[in-house]
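Look for subunit A in each of the two complexes below; its partner is subunit B in the first and subunit C in the second.
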Partner chain A sequence: MSYYFAIIGTQDNPLFEYEFGTSKQGGDGQARFSEQARHLNQFVLHSSLDIVEEVQWTNGQLYLKVIDKFFNNYISCFMTGGNVKFLLLHQPTATAAGATRNSTSVGANPTSPQTEEAIKNFFNEVYENYIKAIMSPFHKVNMEIRSPVFRQRVAAAGRKYL
Partner chain B sequence: MAHFGPGKTASSKEQAGLRYPSNGKTIYHRPLHRTKTAELSQASFAYLFSEMVSYAQRRVTGIQELEKRLNIQGHPIGLKLLDLLLTREPPRSQTRPLTIIALLHFIKINLWTHLFGRQADRLEKSSNPDTPDEYMIIDNEPLVNAYISVPREMSQLNCAAYVAGIVEGVCDGAAFPARVTAHSVGGKEEGEMWPGKTVFLVKFQPEVLEREALFGKG
Partner chain C sequence: MASSKASRLGEDRRTRMDKVNAELVVLTYGTIVAQLCKDFDSDYVEVNKQLDKMGYNIGMRLIEDYLAKSNTVRRCSSFRETAEMIAKVGFKIFLNITPAITNWTSDGKQFSLVFDENPFADFVELPDDGRAQDELWYSNIMCGVLRGALEMVQMQVEAHFVSDVLRGNDTTEMRISLIRYIDDELPPEDD
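For the complex of A and B:
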């Protein structure tokens, strides 16, 4: 199970991106995307922005759950109040998806309530740190987030929940 | 915090001039939620605000420009407060404002309570059929104007333009682009109950109303 996480600004501009793998069930936290997939991921993620724009006005929740699917890539979305999108691409490994469809483990079944809850917790933790980032008086809207501390915090949230 | 030139010392090689506070605490180590309602001194705010007004007043040619500068000072605060106040909501009512009314309620209740310790006094929709895009937030005595006496020759000025900027920031951030201006409407005669009464006129962009009409029915 590998994840690609990106924060997209209000002008559909990327502010932050991070790749990681699962740390549950003996995962080492490393992303297992092929070099080709890594480029494709960016396309898949950004192409889901059209759907985000439709969903965001019908659902006032911050967490919009899985909004898009491209073959085996699932996109979960979280909208902040300031219209910044957190998008997480998750790709269940082929064996996990095939063999254990009813498995409750995070990642094996991308639309199960357990997975939704885990991703929600992940997003909430990132949101908290994102707000701290934008609270900085030197931060302007749609500014790229480069803080190494922020990156560490996102990595820690990924290890904790996914 | 002292300012150092980048890339002079050995340690700055890998961090590219980034410096951490000596105790290792960054903005990420501070809590987002307040345990109790911490209030700030109004006197120090009044002092700071008077400096902000005189700063904005430098090299401006007219009152409109001065108000515009105050507005610009407030704008980023609104953008930030929107997200901050949303997280401080209890999780169940944590929803993004989707309609104009929900947004204005959020401003009247949450934003005002956070900034001034009380709600705004009234919320009105323009009764003029030509301007359905105009809404009014009314504050009987804006806190920012408490210690400001406007000279007679600048009677058009209302320093609450700063607050209007904050409101505009919240509207823009929530994807309801709007122009917000502050207007004094208090009567000047003796015995007037609220001489400093201020109306914040929120004029939404046409696309906001268009979207409202589209999603409001569905």
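For the complex of A and C:
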């Protein structure tokens, strides 16, 4: 299972991106995207912004779950109150997707309640840290988040939940 | 003995004061610093100076407020006592923190205030332009406040930060040195 996480500002501008792999089931936390896929990921992720706009008003929740699917790429979305989008692209590894016996494990089945819950927890933790990051007086709205501390915390949240 | 008395006094006075939301303070102060950085084109040395100056002007007036609220009309008998009162009453009243007093020099004229927590610095991360980490003293306004306040009670001091957790140091430490007691100076005689 590989993940590509991005924060998209209110002008649909990217603010932050981070790639990581699963740490569950003995994963080493490394992303397993091919070099080609890494470029494609950005494209896939941003193309789902249209879907975000469609679904964002359908329920009052911040967490919109899986909103888009492109072949084996699933996009989960979390909208902050300020219309900043957290998007997480998750790509189950081919073997995990094929194996049904461990379908309850996080990652193997991207739309299972367990996975949804794990991603929700991840988003919530990132959200908390995001608020702290943008509360810094030297940060401006829609400015790229360069803080190394924030990156570390996102990484930690990824390790903890995904 | 005197030390615990000062702590009690600080705690007691603080509870009587009106309070303001800490985040309001953090954001307001943060905005000031950020705006100064912008106005002076990230000339952090100048920003430090400006903060110190602002603090100085605050301190000169704040001392009156402090004396009124703390009801300590008595003069401190020594610079050590002054330090106690600054840390345990002054900082307690206005910022609800009690910095530790350490590193006295043997002549009793210099000491350090070590801040475990700094209410100004919540959420703050210094700009990562490679210079702010070495040049900007984010909370420099406090130095000015102390300098201004002590000057009004006949003590000329020099205060500066020597380390700051925002810069990646282990502690936030301010060094304060007494330069001299200002004697009441007679106005120049009218001839």
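We take it that the second predicted complex is superposed on the first by the 160 of 162 C-alpha atoms of A that agree within 3 Å, B and C clash if a C-alpha of one lies under 4 Å from a C-alpha of the other, contacts with A are read in each partner's own complex, and residues count from 1 in each chain.
The rule we apply is simple: a residue touches a chain if its C-beta (ideal position, glycine included) is under 8 Å from a C-beta of that chain, and two chains touch if they have at least 3 such contacts.
Note that the structure is predicted; figures quoted are calculated from it, not measured.
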item	value
Joint occupancy of subunit A by subunit B and subunit C, clash or fit	clash
Broader residue contact with subunit A after superposition on the shared chain, subunit B or subunit C	B
Touching partner for A:64 - first (subunit B), second (subunit C), both, neither	neither
Which superposed partner A:82 touches (first subunit B, second subunit C, both, neither)	first
A:129 touches, of subunit B and subunit C: first, second, both or neither?	first
Touched partner set for A:149, first subunit B, second subunit C, both or neither	both
Touched partner set for A:138, first subunit B, second subunit C, both or neither	second
Clash-bearing segment of subunit C, relative to subunit B, as chosen among 8-16, 62-70, 80-88 or 134-142	134-142
Overlap of the subunit B and subunit C footprints on subunit A, listed as residue numbers	132-133, 135-136, 147-149
Subunit A to subunit C touching residues, read off their complex	132-133, 135-138, 146-149
Subunit A to subunit B touching residues, read off their complex	10, 56-58, 60-62, 79-83, 127-136, 140-141, 147-150, 153
Of subunit C, residues touching subunit A in the complex	23, 26-27, 29-31, 33-34, 37, 122-128
Residues of subunit B that touch subunit A when the two form their complex	15, 18, 26-28, 30, 32, 76, 79-80, 82-87, 94-98, 102, 173-175, 211, 215, 218
